[in-house]
Every structure is written in C-alpha cells, then in structure tokens.
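The same chain A turns up in both complexes below, where it pairs with chain B and then with chain C.
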Partner chain A sequence: MKTLKCLLIVVAAAFGMTSPIQAADVKVIANSSVKADSISADELKGVFLATKTSLSDGSHVEPVLEKGGATHEAFLKAYLGKTDAALNTYYRSLVFTGKASMPKTLGSDAEMGAYVAKTKGAIGYVSAGASPAGVKTLEMK
Partner chain B sequence: MHRLNITAKIWLSVGVFVLGYVLSTGLSQIQGQQARTSMQATSEALFPAAQRSQEAESAFQRMLKGFGDAVIMQDTSGLDRAAVDGQQAVAALKAIAAIPGLAAERSGEVAKLASSVDRILADARSTYGAVLSGTMSASAQDQMRALASRNDEAKAALATAKEHLAADLHQQLSVMEESSSRQSSLDLGLFAITLVVAGVIVHLTIRRSITGPVVRVIGGVQDAADETALAAEQMAQSGTRVSDNAQEQVACIVETSASLEEISATTRQNADRAGQADRVMQVAHQTVERAVHAMNDLAASMDLISKSSNQVASVLKNIDEIAFHTNILALNAAVEAALAGDAGAGFSVVADEVRSLAKRSAVAARNSSDIIERTVCDVSKGVELVGNAQAAFQKVAAEIASGTQIVSQIASSSVEQSRGIAVIGQAIKRIESLTQRNVSNSQQTADGASAMISQIGNTRKYLDELVAVVGLQSA
Partner chain C sequence: MKVQTIILAAALYLAPGLLNAQFDFKVGERDIQIHSFAAQGFAYSNDNNYLTMDTSHGSFAMTDGGVNIATSITDKFRVGAQVYDRNIGQLGRGTASLDWAFGDYKFKDWFGIRAGKVKTALGLLNDTQDMEFLHTWAILPQSLYPLDLRSNTIAHTGVDVYGNISLAKAGSLGYTAYYGARAIDTHSGIYFAAADAGNPIVTMSGKTAGADLRWNTPIQGLMLGGSWSKQTEDFVVTVSTYGNIPLSGTFTPQHSTSVYGDFARGRWHFNGEFRKNREILEASLFGVPSVSNLGDKGLFLTAAYRVTKYLELGTYNSRYYVDAPTDLRPQANHIFDQTVTARFDINKWWNVKIEGHFINGFGDTYSAHGFYTRNNPDGLKPTTNIFVIRTGYNL
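Entry: the complex of A and B
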C-alpha cells in the first residue's frame, strides 16, 4: 500500500516536471497587521508547517490554506515540498500530539482573500493573477 | 606458650587458621542466607515489578503509537489494536500493584497510574473514534489536545514509575552488592587477620622454637666441631709423638734389659764374692779372737811384771832407807869418833868408809830405783799399750764380727738383689711388651684422630647444609 503511494507520488512528480508550476504562479498574501513586507522561503515553510507562530519581526502569524486546486498544489510544491495528503497527515500527527491545530482551509482565492483581509496575523496565498483587496503581498526574499 | 612443644605450637597455629577459616565461612553462610532472602524478595517483587513496568510502558507506547497511526492514517481498525495494547498496559500496571512484596507507596502510585491509563484508554477510544468517524472539529481538536496532554502526563508518570521501580531494584541490588562487597571485605579481612595471626604464630614458633634453637645448636656444634678438630689434631700429633716416644722407649728398654742382665751377672758374682769374703772374715774373726786371747795373756804377764817391778822398787826403797840410816849412823859414828879423839881416828875412817858406802848404796839404790821406776813406768806403758792393743784387737774383733755380719748381709742382700734384678728383668720384659702395645695403641689413636678430623669435616658439611636449610648466612 505504502509502496503504491510512493509510486504514485513519484509518477505525479514526474508529470509535474513535464508541466512545471512555477513559484511565480502563486503569491503570498498577509493581513495588514503583519509588519513585514517580505518573507524568506524558510520562514514561509516554518509558518505553514506550524513550527513558527511568529515572524522574525515579532508579528504573530497564522497559516491559511486552500482546500485544493492548482494554486494550492503550486504553493505546496514550490514552498513546502509536500503533497496535500502528506501535509494533511503531518497536521493530523501534530493535532494528535497536541502540538498544533488543523490549519484553516478555504475553498477559493476569493474566500482566501476575504479571510486574510479580516483575520489578524493571517498568511495565505492566491494565484498570481488574483488581487484580493485589503491584504498585503509579501515579497519572497 | 613457652611450655608447649613445637608440635603443639604448630597445631595451635593450624588451629587458629582453621578457626579463622570456620568463622569466616560461618559468617559468610549467615550473610549468604541474608543475601538469599534479600535476593528472593528482589526476584519475587522488585524484579518482576521492574519488568512489568517496562512491559506497561512499552504497551502504553504501543497504544499511543497505535492510536496515533489510526488517527493519522485514519484507520479505524487500528483503534482496536491500540486498545488491546492499552489493556495490556493497564493489566501490567494492575499486576504490579498486586505484587505483595512491593512498598505501599509504590503500589499506590502504580494503582493510581493504572486507573489513569484505564481512563485515558476509554477517553481515547471515544475521542479518536469520534474523530475518525466524523470531521475533525475544533472541539474534537481540543479534546485531542487535552488527551495528548494526559497521554504525555501518563507517559511521564509511567516512565517515572518505571524509573522508580528500576531505582528501587537498582538500590536493592546496590544494597545487596554493597552487603556482598562488605561481606566479602569482612571475609577477606577476617581471613587476612587469621592468616596474619597464624603466620605470626608460625613465624614466632619457627623462629623461637626451631630456627633459634637450631641456630644455637649449629653455633654450639660448630664451636664443638672446631674444638674437637683442634683436640683431634692435637691428639693425632700427640699420638704420633707418643708412638715415636714409645718406640724410643722400647729401644731404651731393650738396652736397659741388656744392661740389667749384665748387672744381674755382676750381682751374682758379687754375691759369690761376698760369700767368699764372709768366709774369709769368719776366719779372720777367729784369728783375731785368738790374738785377743794372746793379748790378754800378755797383759796379765805385763801386770805380773809391773807388780814385780813395784816390789823391786819397794825393796830398793828399803835399801835407800837403809843407806840413809847407815849414812846417819856413819855420821853419828864420825861424831862419836871425833868425840873419841884419836881413839876414834880409825873409827872415823871406817865411819867415813861406811858413810861413802852408804852414799854409794844410796846412789846405787837411787839409780836402781830410777831404773826400776822407769821400768815400772815402761811396764805400765807396756801394759797400757797392751791394753790399748787388746782394746784395739777387741775392737778389730768386734768390727770384724760386724764386718762379717755386714758381709754376710751383703751376701744375702746380693742374693736378694740378684733375685730382685731377675724380677726387674721380668718386669722390664712386661714393660717392653706393654710399650709395644702402647706403640700400636698410640698409632691406632693417631689413626682414630685422623678419622675424627675427616668426620668433623663431614660434620661441618652437614652443618653448612643445615645452615642453608635454616636460611642463615654461613658464618
């Protein structure tokens, strides 16, 4: 069963390489309460894997994920290096051990934009083309 | 202690050693019994408790992992397997709490833990069951977080309990080890003390009762051997000298024997000559006796002559008196003649003649008297001489008699001497044979002394070996 899963992941990665989703397809957005204007890839990974709850400037952050879709897949692949299933398992283990709660998940870029705009410290992502109102876009360092 | 002999002292040392060994063994047995009791308690209570606590912990961890896997992999059947593990953990904890030999504090702690784990198991079953059957709501997440905290607490409590039990076991084992070590040290100490005491007694016994006397004996025997060697050497020299002297003595005795035979012969001749002299002296004695008789007769004759001469002298004296009276008468006649005048002239001549005759008679009588006196004198001298000669002859006779007696005694003495010399000769022969034996004896003595010297050499070698055995440096 595990072998089959691994195989599937490898096959998916192979297909991914044939049609690469670039980091430029996704942009990271944050609530306006977040002081920083840019974020490093490591910081971003730490925030979304619940190993960091605040940025280097001291502002509290909360990761927000989309439920699925190309943008979600592109974000996971570009910044977290995990599949959605692996991330789900990862978060369930954190919840089981009491180290974190399951992250907030939203259905679309619009919901994501609205939630990030109203939630203090929220960090999310939308497709590069979207431009939700009331959020700030964090540049990647 | 001093009254005991060597065997008793050695047995005493061995006895002390054996007593120490028996004491040590007895003590070891008692301590061993205590250790066995402690070991039994450990093996029946602490060891299974520690083992069970480990089982409980691993079962609990398996339970946690099982629940975690079930939740993460969303595998409902995993919950049942995890529950089985949880029940195993609870059962193990309950078993620990039920162990009779365990401390009440520890039993209480484990029993509390068992009920806590039991409650966690029930809550986990329901919480994780709900999570797996439905969505992971925020309340479910809170419950899971609370459960996770309880899990951690229970895990920590289990680890603590396990550590406590392990610590108890370890402490008990340490106590036992310490006790064993102490016992071992005590045994070793007792044994060492026993060994030292026995060793000291043996050492003192050997030194005082064996080595000391042996050393003294060796010293004494060495001194005695030295003295004996010296004496034997002197004896050998003395024996040799005695032998040489005895040989010289034999030669002297042989010479003496020869001289003695000569003396014997001479003595026999002397005896014979003394016999002859005796006989001659007897004859001389008879001759002298006869001479003495003759001298006696001569003395008697001389006495008679002396008496006759005295008688002649008295006659002459009478003649002289007569001549005196005649002279007086002549004087008277002359006076008368003178008074007669011429008538008396003739008469006065006659008176003168008579007077001259009287004078002549008186002179002749005096001359005769002188002659007679001289004769008497001579005769008395002759008598005296005869008396002297007689006395001399008597003395000679007496001396001859005594000489005869002496010669006779000489003769008998010579005979006895001859006999004595013969006896001396026999004695000298015996002395010669004895001296010969002395020669051989003194040679044997010298040989014996030489043998003694070689034996003393052997004795010294044995003494050196003994000295080496006793472990002393050879003096």
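Entry: the complex of A and C
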C-alpha cells in the first residue's frame, strides 16, 4: 500500500498535478475601455491563447503577460493550463506562421498596471495584493 | 562545405542579432514586429547517404532560416510576410522564397479570412515543420513530414476561412478551410526521384483545397484533430528511354486524409498522427494509357519528457509504407525510423539537439523520402543509422 502511495505521488509529480490551482493569488485587470466587469475562465483562456480578440460585449481586447515570477506561474496554471515554456512555444508557432503577434511582456506588477492603464483593450494580471491605479479589476464568472 | 552554404549560414545567424534592436517598434500607433530564426545541422550516417546530403562522410549541408514582419492595420486586420531559405543537401539550394504573405481580416472570433500565400493547415505539424525550435526533434518524423517533399504541401496562394468556436464545457473547435495554387520547388525530392527514374520533370503545378478541424477537448492538454486535402498536379516529364520525348499526365484522384492527437501534461508531451495519401497517376505514351498507384501512408508516435528547464529527452517511431512499390526488394516498400533525442535549451532562444536515427528500409524509387540513387550510386543498403546534431535559435 505504501509502495502504491509512493508510486501515485511520483506519477502525480511527473504530470504536474501536485500543486493546487492558485487562482486566488491572481487578480485579472483590464483597461477602462473594456466594457465588461467580469470574464469567464473560457473567455480568459481564449484571450490569452489568441483565439479570442473580443469579449461578448464587443470590446476589443489584447493580452499582456508578465515575464515570469510567482504571479505569472499561478496565472498560467490556474487559467491556461500551460507551462511558461509551452506557452512560449505556442505563441511562437502562431508568430512564425503569421497567425498572431507576440504579446507584450512586462517585468512586474507595477509595469503591468501602468501598461494596462494606458493601453486600450489591454487585459493582464497582477498578484491579488496589488492595487494598480487606473485599471479595472475583472471578476471571474 | 560549399562557400555558398557558409555565407548562407553566417547571414542567417547574423540577421537575428542585427534585427534584435528593431524587434518591436512603432510606426504611428501601430506595433510592428520582426522575428527571425535560423538552424544549422550536421549529419553522419554509417552507410546510405540521406536527404541528398553526403552523410556517409559527415555533412554540414543542413542550414535553414527565415525572417518575418507583421503588424495590425486595425483591430481586425493584420498583414505580414515571411521569407524562408534552406540548403539541405541539394534540397532548396539556398534559394530564398516567400514563405507566407497575407492579409488577415477577422470578422468575429468564429470567422476570419486570410488571403495571399498562406501556410497550409494539414495534419499536426505541416505549417510549423520548418521551425525546429518548436519541436523536440532535430528532424521531424519523415514518414509524414519529409524534408524532400516540403514544397508539395507547405503553402498555397489563395484564400483561407478560419475560426474558433466555443463548445462551452466540451472545449473549443478550431477550423480552417482553404483553396489555392501550389508552387512545387524545382529543388525538391520529387524532381530528384523522377530524374533518378529516367523521367526528369519539365513542368509541374497544381492546386489544393481542404479543411482542418482541431478539437481542444475539456481534458486539459488534449487536442484531437483531422485534416482532409484534395490536390491536383499536372506535369510534363521527358522519357529518357524513348529519346526524351515529352509525356504529360495528371493524378486522378490525389488526396490526403489525416487524423492526429497531441497531449501535454506537466513534464510529458505525446503526439501522433496517421495519414493516407491516395495518388492514382494517369498518363499516356504513344496513345497507350497507363494507370499507376503512387499512394502511400504513414504514421508516427512520439513521447518526450522535460527533465529540467535545460534538458528534454524524447523518442519517436515513424513508419512509412508504399502502397504499390515498383521496386520489388523487400526494403523498398517501407521506411521505419526509431529515433532518440536529447534537446538542450541553452536559453529561451537557443537550443542544441543531439539525435540518433535507426532506419530500416529505403522506400520506392518514387517515394522521395530521403534515399536517392544519385546519392547512393553503389546501391542502397537495407538499414541506415544516422547521427544528427542541430542547433538553432529564434527571436
């Protein structure tokens, strides 16, 4: 039984299933031009995988990513189900076939907040404790 | 190594560095992005020469790269273009070509139109086959993505309609449907194979129409898909055994059917594809009609494991079958390739791959899947072991 338990832990670790989803650690923010006050997980995933360029209310949106760090990792795990490397590969497959542009990447919550505040249609994320000025927080449906 | 190859390799390696400074810049209110990639390989085989390279003596003739520029004119309208160049043995011969160049208008997320020269959505990897940095492997499974026949399917000049439809809890469905003209590279395997068989090609052109469906399932990391493509191919060859008289013909029908899947979870990545190519050639010589079956099929299964941020290990099994070989040797009806790979990611932009291929069989005269009489004048051996090292980067 102990062996079986160890085996299950090893398998779970190999498939990246050991950490719980950490959506609560992340806050989704948007430029004030985005009319919606909330967004579904499916819509958010579509926006960040470049299959969705507008929300159901008609607002044009474009994703903004952090370059790395705990908030970035938590966002990817909670909403996209991809590692940073896998997301990079995904975007490059779009860029080098002409299907999308590489999204803007920023180095910190402060940079993210400032960029989203001034960029029409921008959607990004910051750590739950951050309160950047001039942006709206989108509730998750 | 030819001087041309060295110059091409140097240019491709320098270009991204030079372009890095203007990787992303603004004209007016619009962002313009420039991206580039380049790769250089070395291949060494024990017996047969492979992919038109002199691999039995070790060959560096394995260079390719591309540069693209793209921008959004409006929120719904994008334009862009990419130039691609390759010199792999005698394939491509360092002749730069327009890889894709199109305008893309997205009316809705579920409906958009691309017009121009567009990469063809066929199977799991057709449109990304040149970008080695996207894949674990130094050389993709040649059963379905032969470097020799790249230009047969890589792009079409015409129009695509595409979109992505949400299926709510059932995931989402991406679709592409297309129609256009194909341009077949004169420095490609089909030209070499025809010449080796005594029927050098004078002209060859065709059209393609098809569709691709990709279902991103609700199971995290699992994508399933299918493609169907119909091609036309009209050609004129000369028949050397009859004083080089011209012979014209057409393929009726010629179509490809493909099913594939991709699963990525945690450190693991698996994918696989099966494709059937139906090709019936009709020609007439001295008023006598002939019909030949040039169809084939293939499949591959891959598995890769990300050991660390810097290292990924993988293996694939690739199997190619000739429907009706003209060569009756038992090794002529198939090519089976078991491959093992170690990919080292030096950083986000630069990787090195070390790969071993253990190949059984060499395919038929008309297969154009890596093995040619012109590169193997002493005859083809039944098995081939190949060592490949390839490095590439992208920005």
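As a working rule, the second predicted complex is superposed on the first by the 120 of 141 C-alpha atoms of A that agree within 3 Å, B and C clash if a C-alpha of one lies under 4 Å from a C-alpha of the other, contacts with A are read in each partner's own complex, and residues count from 1 in each chain.
Definition applied: contacts are C-beta pairs under 8 Å (C-beta built on N, C-alpha and C of every residue); 3 or more make two chains touch, one makes a residue touch a chain.
Since the structure is predicted, the reported quantities are computational estimates derived from the model, not experimental observations.
**Student:** According to the contact criterion defined above, which of chain B and chain C contacts more residues of chain A?
**Tutor:** Ranking chain B and chain C by residues of chain A touched puts C first.
**Student:** After lining up the shared chain so the two structures overlap, which partner does A:121 touch, if you call chain B first and chain C second: first, second, both or neither?
**Tutor:** In the superposed model, A:121 contacts chain C only, not chain B.
**Student:** Just to be sure I read the superposition right, which of the two partners does A:81 touch: chain B = first, chain C = second, or both, or neither?
**Tutor:** Only chain C; A:81 stays clear of chain B.
**Student:** If we overlay the two complexes on their shared chain A, which of chain B and chain C does A:102 touch? Say first, second, both or neither.
**Tutor:** Once the two structures are laid over each other on A, A:102 reaches both partners.
**Student:** Is A:41 touching the first partner chain B, the second partner chain C, both, or neither of them?
**Tutor:** neither
**Student:** So, A:70: does it touch chain B (first), chain C (second), both, or neither?
**Tutor:** neither
**Student:** So in the superposed three-chain picture, is A:110 touching just chain B, just chain C, both, or none of them (first/second/both/neither)?
**Tutor:** neither
**Student:** According to the stated criteria, A:92 is in contact with first (chain B), second (chain C), both, or neither; which is it?
**Tutor:** Touch status of A:92: both partners.
**Student:** Following superposition on chain A, which residues of chain A contact chain B and also contact chain C?
**Tutor:** 89, 92-93, 95-99, 101-102
**Student:** State the interface residues of chain A toward chain B in the complex, per the touch definition above.
**Tutor:** It comes out as residues 89, 92-93, 95-99, 101-102.
**Student:** Considering the complex alone, what residue numbers of chain A touch chain C?
**Tutor:** Touching chain C from chain A are residues 13-17, 42, 46, 51-54, 60, 81-82, 85-86, 88-89, 92-93, 95-99, 101-102, 121.
**Student:** For the complex, give me every residue of chain C touching chain A.
**Tutor:** Residue list for chain C touching chain A: 24, 31, 33, 35, 37, 66, 68, 70-72, 75-76, 78, 80-82, 100, 102, 104, 106, 108-109, 118-119, 127-128, 131, 133-134, 164, 166, 168, 172, 174, 220-221, 264-268, 305-306, 309, 345, 348, 394.
**Student:** So in the complex, the part of chain B that touches chain A is made up of which residues?
**Tutor:** Interface residues on chain B, with respect to chain A: 67-68, 71-74, 136, 138, 141, 144-149, 152.
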